[in-house]
Each structure stands twice: as C-alpha cells, then as structure tokens.
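Once you've had a glance at the structure underneath, I'll fire off some questions.
Labels A, B, C, D, E and F are assigned to the chains in the order they are written; within every chain, residues are numbered from 1.
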Amino acid sequence: MNEAAILAARRELKEISKDEIADALERIIAGPEKKNAVVSEEKKRLVAYHEAGHALVGALMPEYDPVAKISIIPRGQAGGLTFFAPSEERLESGLYSRSYLENQMAVALGGRVAEEVIFGHNNVTTGASNDFMQVSRVARQMVERLVFSKKIGQVAIGGGGGNPFLGQQMSSQKDYSMATADIVDAEVRELVEKAYTRATEIITTHIDILHKLAQLLIEKETEKETVDGEEFMSLFIDGKAELYIS
Amino acid sequence: MNEAAILAARRELKEISKDEIADALERIIAGPEKKNAVVSEEKKRLVAYHEAGHALVGALMPEYDPVAKISIIPRGQAGGLTFFAPSEERLESGLYSRSYLENQMAVALGGRVAEEVIFGHNNVTTGASNDFMQVSRVARQMVERLVFSKKIGQVAIGGGGGNPFLGQQMSSQKDYSMATADIVDAEVRELVEKAYTRATEIITTHIDILHKLAQLLIEKETEKETVDGEEFMSLFIDGKAELYIS
Amino acid sequence: MNEAAILAARRELKEISKDEIADALERIIAGPEKKNAVVSEEKKRLVAYHEAGHALVGALMPEYDPVAKISIIPRGQAGGLTFFAPSEERLESGLYSRSYLENQMAVALGGRVAEEVIFGHNNVTTGASNDFMQVSRVARQMVERLVFSKKIGQVAIGGGGGNPFLGQQMSSQKDYSMATADIVDAEVRELVEKAYTRATEIITTHIDILHKLAQLLIEKETEKETVDGEEFMSLFIDGKAELYIS
Amino acid sequence: MNEAAILAARRELKEISKDEIADALERIIAGPEKKNAVVSEEKKRLVAYHEAGHALVGALMPEYDPVAKISIIPRGQAGGLTFFAPSEERLESGLYSRSYLENQMAVALGGRVAEEVIFGHNNVTTGASNDFMQVSRVARQMVERLVFSKKIGQVAIGGGGGNPFLGQQMSSQKDYSMATADIVDAEVRELVEKAYTRATEIITTHIDILHKLAQLLIEKETEKETVDGEEFMSLFIDGKAELYIS
Amino acid sequence: MNEAAILAARRELKEISKDEIADALERIIAGPEKKNAVVSEEKKRLVAYHEAGHALVGALMPEYDPVAKISIIPRGQAGGLTFFAPSEERLESGLYSRSYLENQMAVALGGRVAEEVIFGHNNVTTGASNDFMQVSRVARQMVERLVFSKKIGQVAIGGGGGNPFLGQQMSSQKDYSMATADIVDAEVRELVEKAYTRATEIITTHIDILHKLAQLLIEKETEKETVDGEEFMSLFIDGKAELYIS
Amino acid sequence: MNEAAILAARRELKEISKDEIADALERIIAGPEKKNAVVSEEKKRLVAYHEAGHALVGALMPEYDPVAKISIIPRGQAGGLTFFAPSEERLESGLYSRSYLENQMAVALGGRVAEEVIFGHNNVTTGASNDFMQVSRVARQMVERLVFSKKIGQVAIGGGGGNPFLGQQMSSQKDYSMATADIVDAEVRELVEKAYTRATEIITTHIDILHKLAQLLIEKETEKETVDGEEFMSLFIDGKAELYIS
C-alpha cells in the first residue's frame, strides 16, 4: 500500500464513500480482477486458506485494522487479496506504534502459517514470497531505523540528511561493524519468529473459523464474488470467537 | 523454461494441441535440432546416460511432471534434452510447493548422478555445469526468498519494493551479516546434498531401466529420432518399476 | 538546522529582531504551518508529549540553548516542533563542546523517552525516527571525527584534504579495520545510551511539568496557537523546578 | 586455445589437412615466429627445458592429447610453445572429464617443474606466470562451477541465467560466505598441488627423455626448426618409456 | 601548507624577504583576516589557549621549525592560526625524518591538549577536528607508506606506478588482509597516543608560559594584532624555559 | 625502469654505445639533472649514504646487474640515483629468476638500511618511500602471480585471459578468501624482511666502503659530477672486498 496512494485517497475522503476508496485502492494495488482466468481446484483451496490466514490473524489481533474484503479472484500477479481498512485516525497520524508493526508482521505471516497448518510442511508454496519480503523489511526497519530493539540500543543505524554541526553528509550505506550486523540479524530473526509464533497460535486456536472462511471464499469464487467485512464478521459471531477489533 | 514462454504457451492452450506446444517450447529453449552434427560414440553414450538420468529421476519422483520427450540429438549448446510437461494445473497456479522444488533439484542432478554411477568418479564431465547452476539457484532462492529453511527462520533475506510505513526502498543487495551468510551457505548445501542423495538412490535402484533407456536413446539417435513419453513409460511397464506419476 | 541558514541569519542579526529570525528559520526548516490539517486526538496527545519531552530535557540540561517555541501544529512532514534559540555567542563561535553535544543528544532523545514513559513500551511510535538519525550522526561524528572517545584514542578516523608531506589525498571512505569498527560501534552505542539514561532521569523526575506542558500544547492547538519561551518558563516557576538555563 | 578458433578449425576439418590447421592455430595463438630474434644460450636452455617439461608430462598422462609440435623459437610474448592436438572426438564433444582437466593442469605445470628439477629452487623464472594463471582458472572452475569438489558439495557457486520459478536473475558476483570462500581456496590449492606432484613424479622418473628433448630443441633452434610429434615420439621409443597416448 | 605553495615561495626566496613570504603563505592558506568579526570572550579564550598549545609544543620540540606568528584573529574557517617557518634547508630537501613527523604530530595535538588541560574533559571542543585529521593522515602514512612501523615490517602497503618486470599496475586500493588492517590500526593508534602524551607533558610542565601566551594573544587581539616569533621567544626568556630550537 | 624504454633501447643497441643508452634511459627515467639546485649539506650527506647503500648492496649480490652510475645531483623528484646496467642477455630473455628478484628487493632496501645504520632509527627519512613501494610490489607479485611462495602453493591468485573450456573470463579482482589473504600478507612480509636482513648484513660488513663511496659522491657533487661504474669498482679493489659481479 503505497503512501502516495493513501494520501491521494485521504484528500478525497469527504466526497466519496469508503467503499469507493477501497475499490480504487484495490485496483491501484492489485490490478483489475481477472474474472475469466481458469483456476484449478487445487490452487483455489490453497489461495483460499492463504488469504483466510491473513484475515483471521488480522481480525484477532488487538487494535489492528478491520478486514474490508477478502478475495481469491486473481488480480495481476496476486492469486488472492485480503484488504484491511486502516482507520481515518491511523491514516491521519502517519505514526505507527511498536505493537501495530508487530501485529502487521503476524498478519503478513498468517498466509504461510495457514498453508503449513492445513497442507503440511512439504506443501507450503512460493505464494508467501512477497509476504516474507514485507515482513523482513518491516522487521529490519524496526531494528535499524526505528530503534525498537533493545540489543542494538538507542542507535539508529544508517543515516541520511545533514549534520547540524559539521555540515557533512553521511552516506546512506550501512556503516556498522560486522559484530553489529550479527546482532541486527539476530534481532530481526527474533522479531519475525515471535510474529510467526503468534500467528500460529491464533490460527490453530481458531481453525474452525479458518475452515469456514476458506470454504466461503471457494463458494463465492464460483460466482466471481468476494467476501466483505460484514460477511467475515458474521463468521466470528457464529463461531463465538472473542474479537479484538479496534 | 522461461516464464514468459510458459505464459505465451498458456494463452494458446485451447487452440493448439499439447504436442505442438511442446515442440514450440523445445525450439525456443534449445534451438533447432542439429541433425547433421557428427557425434562420437563416446559422447553419444555419455549424453544418453546423462539424459536418461534426468528422465529416470523425474519419472520416479512423486507428483513430478511427466516426461514428454528425451533426445540426444544436439540442439544449440546442449548435447541432449529431457523435456517434462508440467500439468495445465501447475502452469495455471504459478505456485510451487517445497516438495516440488526439492524434486526438481533431484531431477536436475540426475544427469551427473548417472554419469558418476556409469562412468565413475574420474570420468564425470563438464556437461552437468548448467544443471548445477539451476540447482544452486533454486536452493538459494528456497533459503533466501521462499523461507523454506528452518535455520534461517521466517526472515526473507534481501528485499525489494517499497516500505509501506517509511516510504523507503531497501537495496536489493544482500544485507545480511557474515554469520547469516554462513548459515545460508550451509542450508543451501544441505538442500542440494539431500537432492543428490535421493537422485543417487533412485538411479542405483532402477539401474536396469537406466541402461535400457540409454540404449534406446542411442538406437533412436542413429535414425535421428527421439524417445517420447509413451515409449519411455513402456520401459517402466516392462521393468515393473513402481511408478509415481502425478 | 542547516548551517547556511544559521550564517544567513547571523549576518542580519543587527537589523531584525530575534523573533523574526526564529520565524524565518522555522519556515525554512519545517515548512509553513498546516492549520487546516485534521489531527486525531490520539495523535495530538502523542505529539504533545513527544515535543514536551524535547523541551523539558532541553530546559533542564546545564548550559543548553533556551526553548524559543513549542508547537504541535503539523508543518510539512513534522507532526510538531520544538525550537531552541542558540545564543549569539554560540552561533558566533562555531565551536561546540563535548558536553554541549552530549546535551544535544539527550534533548533529541527526549521525545521518544516521553512516549515510553507516558504510553508504555509497546506504544512508542515511528515518530522518533528522525531524532534517532540525528543522534546517531552526532554520536558517530564524536567518535570518528572529533575524537571525543577514549577507547578509539586520539585518532581521527576517515580523512580528507591533502597531506602536507606527500601531496597525496586519502579517500574519504572508512579505512579502519574490522576490530576498530567494532570499537567505534560500541563507543557510539555507549554515548547514545548515556544520553538516553539522562533524558529518562530528567523526564521521570519532572513528570508533573511534562503533563502540564503537554496539556498546554493540546489546549493551544485547539486555537491553532503555540507555546513560546516565556509561557514555557512560567510552567517551571509554577512547578518550582531548579532551572539551569545558560 | 580459444574455443571460437577451435570451432572455426572444426568446420574446415574435412577440407584441409591436420597440419595446416595446427599451423593456423599456432599463428593465431602465439603470433608469427620471430626467427631473427637473438636469444642467449642461457635463455635457450631455460626455455628448452620448460617446453620439454610440458611435452613430457603431456605425453605420459593417460588419455591426454598427443603432442603435435614443440618449439623454442620466440613467438610474440612467448619464449617457446608446446602444441597439443586434441582428437576430433574431443573437439566434437565439447565435454571434458574430471581426469582430463586434472591432466591438463599437470601438463601446464610441467614447465615450472622442469625448471625446478634442472635449475634448482632459486633459479625458477617468471616464465611460468601464464601457466599458473591457466591452472588457477581451471582449478577454480572445477570447484566453483563444475562441482568436481567433494568438500563444497553439489552446489555450483556463482550463478547466471534466469530462475524458472521466480523470473529473477542472480548476479554473477560471488555470493558465498567467507567460510565457503575458505573451503573453495583450500580445494583449489589441493587440486593444484596434486597436479604439481604428479608432474614432478613424471619428470623425475623420465629425466633422461627430458634431457634428450631439451637437447634436440636447442639443436633444432640453431637452424630455426622445431620438433614435431613424430620426432618427439621417437625419443620415447629410444628411451623405452611406457607411453599412454589416447 | 600546500606543497605547491611552498615551492612557489621557494622560487622567490632570493627576491622577497621572509616576512613577505610568510604573509603570502598565510593568506593563501587561511584566507584574509576578518578584522571586523565579532568574537565572544569565551571563544577568544578558547582559541587563545588552543593556538598557544600548538606554539608551545612546537617551540619545545627538539629540531622542530621555529614559530613565526600566532594569531587569534579569525581567518576563513579558522578561528586562529599558528604559523611555523620551516628552515630553507628543510624546504630544499623535501625529506622528513621519523622524528620530525613525530614532532609534527605532537604539535598538531597541542591545541586539543591545551583545551583539555585548561577547560577540562567536558569542555574540549570541535575546534581540534582538523588537527586530528592531519595527525591521523600523517600517522597512517608513516605506517602504510613510509614503513616507519616495526610491526608491519618493511612492507609498504598499497601501491602505485608500474612493475618493472611484469608491466602490470597494481591498484591503489588497500590490498592487505584483515589481520594486517588490525595491526595497521593498532600502530597508528600507538603513534598518535605517543604524540598526545608528549604534548601533554610539555604543556603541563610549561603551563605558566601557556597562560602568558594566551593572555598576550587576547590582549593583542583587542587591537587586531598578532604575536610574532620574537615576541613569542621573549616569553620563554622571561620564563627561563629550556629551549630547543633547531 | 619502464619496459617500453628498455625495448626501445634494445632495438638501437647495435648502433649506439652502451654509455649513450644509459644516458638516454637516465633522462627518461629521472628527468634532466638540476645542476643549479641548492642542496643543503645535511641533505647531501643523507642522499649520498642512501645511494651508496643501493650501490653497495647491488655490487655485493651474486649475479646482480653491475652498477653503471651513482649520482646525488637532484633530478626531477629524485634526490639522487643509482643506475644498474642489466646485461644484454637479461634484457633479451625477459625472464627473471627467483634469486634475481630477491636480490633486487635487497638492493632497493639498501638505501633505507644505509640511512638507519648511519643516522639512526629516529633519523631515517621519507626518501625511501618509492623504494618500499617497488619492493612491496615485487614481493606481492612473487607471491600472487609468480607462485614463488610455498605456503600459498602452486596457485596463481587473480586471473586474466580466457578459460579454454568454458569460454568465461574471470575478473582481475582478488578473488581469494580472507584466510588466503592473511597467508599472502605473511608471505610478502617474510620475503621483504629476508631482503632487509640481507641488505643490513652487507652494509654493516662493508661499512668502510659505504663511507668512502658516500664521501666520493659528496666531493663529486661539488663539481656537479657523478661516480661511474669504474670509479665505483676501484673503491672495492682498494677495500679488498670480495666481489660477486655477474
């Protein structure tokens, strides 16, 4: 979700409804739906559980953005899509807390976790490759730039901009030592593993909702339809899960 | 097998038969056959066993793509060619499972394994050089991007694209520490060695079929013909091997 | 605060009043105020405490520059702004002492410290990202160029300019060994951690003034007004804090 | 011996005799003979033993290419030249076995070995510098690309071409870890040392033929003539050495 | 002091007096005096002691160049300036001994040492930043190029120019190993620390002259005047210090 | 001594006398004599002993090139010059033995050794800086390219040219591991230290000739004359030193 797109959307917030924005954003992000694409049953199941994993973890994370739409109709490169609707407040502030970023990593890993839980270790797929890149970037930024890591201490690594005293620029290249690089890697790994564990706990605890949601996605796909936030929420009400929606 | 070529082929799937696609792909990938090239008997035997190794391992891997054609008529740079026909389902999905990629590595190593088993340690040749590059790339991607490695954890290494929070790009250069680099190398090595061991087990167990297939390839080559999927399968039926064809 | 801007301001110091300079500088540094921007209450509180943290630490540091203005009206990228007014003497000299740079790091960290103290470990935000970069740069310069570090010794690292004896240039690239890089990183970390600890001590000791200042900032923001140096000082007089103003 | 030149030669193989090809290749590779160059007696002896070393090791290696011509008349940069004639079969196949490459390294080292054996440790010369570069390259390729090394395992190092699954290119730069680099270096060193030992054994065992050949080369040089394959072979028949000619 | 400027000065040495040269050099090196600049009393004291430190250490080093002029009137970037007059002999020879370079490092460090002794550890300033760079460069050259280090041995590190035997160029990049880099850094550090210790000893032993000189500089500055070599020497005669002037 | 200049000289060898060549080479290498330059007595002594050191070590090395001329009249950048006349044979062959390169390193170090022996550790000068660079280059080439090192083994490091089997180029960059780099550095250091020790032994043993030669150089310089090979040799006959002239 490109920040420029978010801001563009924000400026129009008063004139157009939330649904229209969501649609516009979807099209920008994922390309138009490919309703004529032939999708094998095997892939449908795989993508359905993958997207259901993202949605389920997102819905059960405290204070995370609510699910707006889940789709397994292919769009551009993506086999499916789970769309979260950040609150206006969140879009306004431009500030993200440590716990929000930790939740976001767990949500991104929810797809692979669902694959692993449902299809087993040997059958997880290359479909999580973009999720992992996003998680890796967020975790690395948390350690290197946002100084959310205890082991590295309060030292932002890397640099940019000008020095107020010497008028010198520091290069944006990594300028930390090999010992620091080892700590950074360990910290990044720890953050991601913690998020993976949280996603796994949520999915295994609420696996009945995962099955229902995947099933619903496959049924909807037959008619080239998607699951919206309300339909998604009703699964929870039926399933009597405790919900933490911000 | 270039993805663009696969997609191009996919779009025409309804109009032209599977055989025509296979031929077209072959020509794109390996260049036209060089039917007038003079090939020494020694090289014919070597290439025949090398290609037979690929085909045999591929046929005996669970859920791997079926063999469509095996040829030892030189084409472009290649001395021979074994062509697998991915199912429409597989081409559709664009998703590959961990076990599929592991099988693929074993298939790619089947050529060198056959050389080693038949001609001995000192007589293996430079002909497997491209196979090794492909295997190396797949294994490294599995560890670095697809996060199929337990030791590295759920951290995609390397990056790309934009960061949704800070609007910054991370370079696509390797940015992990030397300690992580050592783990990556060890993981890559383990994946490849496992695939090599599996290929060796299959080839030594079914060495009679390997001999029959190599012999058949040499006979066919005399008349500038190749072995197709059906002829290949009949060797198995004769040989009473258990087959795992997806 | 760009040095060129400081010098430009210095040349005009006799003709225009201090307030006008401060305004001019503000506009250059942070862009014009965005008085129409919609800011959520949550963000207002967060930014208010963040800026109050900078101001409080600055005011209670011995011999640091006095606070000229504190604002939580968004300007450009910044959610808020605390403006310190270096004395004419300081602008004149162009010289900064070790203790001034140490104070400056503590002031820059005051924002994040206030977030941590008020909102807790999990709710600190990405808003301190620029503060950390500034701190990191200052600390690294202190170790690498200004030779304020005992462990590295009196060896300026990196180079530039010409050699008076050999007429040779040394590259400006880092040319120290990996062992030295480890020491540099440890020294940088120690400097930053010391500053963080000092900022934390000041903020926890004077947390009542922090609350008052944040409250005042939120009230002023409602009328699109800011807190100036005099108003800020009056909070201290009320709070009976010991003040060390240079 | 440039591959393009070999291929060019191969296409004309039916029209022109082997001798003409050899001459053409020689001229391309080493430049025209410099028959008027003044060569000191000391250098003549040195070059004669150096070239005799190459030829002797080549002739006594099992299945290596036969010697076609030995010359100590300077050509271009080279003080002398030993020319081997790969069989048509070998040129055809484009495949080289592990043992062929190992033999080739021993042949390339034969020149320096002869210098060391005849003139002693302190008098070996810079004349072997190109031989060492060739040997180093072959050994490194054997370890990095051709996967002839047990310690590195079946992992081709470095990469190229495209990935069939992700459509990504890997850079051709070395991307292995420092631990792997140490193993690669050790493996390369072991391969070269083994070849050096083999060359030393052959030359010390057949030192009488080495002396005869060097003597013959010096005599021929006086009349600006060279030693061809048949003359070379006759030395062996006289010397009653066991010959392994492929 | 740029070598080109020295040579230019040398050519005119017979026609113009020493004073005129010194003035010309000063202007080239430091820019014209800024007699109208407003300098705070605090900065005046700091710069006065800093320059007095350079001059005092230089005057008391055996065989070092005599002091020609000391000024605390700002020029260009510099807050002050101490000018040494190398003997004609030294300018002629272009050769510098180990002890001369060691002395020069101590002289360059004299400024910071004086700051530390007079104003204390916490009040040393960024004003020594160029001094440290010069010292660092000289020390590194002594170790890397001039082979004045015992631990590195008689191996000039880095290279340039052509190789008389192989006609090859070596890059000017550092081509030594990490172990060597650690030794280089340790050697550089030792050289600089030794010089720092010597400067500290001289300044603490002769602190009364330091005070007198700083006082004189501040008085002269009021009338926009500087201290010349003779005035400087008279402080020593009064102070009865032992002088070692070359 | 640039190779191109040597070759240019070689082609004219039959028409012009050896003396004329030497003069021409001198002028090309070192620029015309600066007979009007004012040289201090101190520098004269220093340069005289430095050049005498080169000449003495060269004359007493077995099989090294004979001394043709020694001068302490400044030329271009050089304070003095010792010119050796390689035999025609050596120029012809283009081959250099291990012992010749080892001798050459000792000769190049002879200048600094003489400075150290005569003027003491603290008074050695920057004048040996080019000598060290030459020695460093030769030693590194011996280890990396010419494979004169036992510890590195028979592996030329770095590469160039084409690979006869794979048609690939290897970059000319260093491609060895850090462990290998440590060994290379240790080997280079050992070679240079051995040469330094040998030069020191020769100079301390024959210090009377060193004094005589330096004295003669200083006397000749007064009349702007130099010492030629014959005059140099007569010092030895007087001094009854054992001479090893090739």
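What we mean here is this: a residue touches a chain if its C-beta (ideal position, glycine included) is under 8 Å from a C-beta of that chain, and two chains touch if they have at least 3 such contacts.
This structure is a prediction, so every number in the text was calculated from the model and none was measured.
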Worksheet entry | Furthest chain, CA centroid comparison against chain C | D
Worksheet entry | Chain at maximum distance from chain A, centres defined as averaged CA atoms | F
Item to complete: Using mean C-alpha positions as chain centres, tell me how far chain C is from chain E in Å, no decimals.
Response: 34
Discussion item. Could you work out how far the Cα centre of chain A sits from that of chain E, in whole Å?
Written reply: 59
Fill in: Residue numbers of chain C (touch at least two other chains)
96, 101, 126, 129, 145, 165-166, 178
Practice prompt. Please name which positions on chain F make contact with chain E in the complex.
Written response: 1-3, 37-40, 42-43, 46, 79, 96, 101, 109, 112, 119, 121-130, 132-141, 145, 174, 178, 181-182, 184-185, 188-189, 192-193, 195-196
Worksheet, complete the sentence: The residues of chain B that touch chain A in their complex are 88-89, 92-99, 101-102, 145-148, 152-168, 170, 175-180
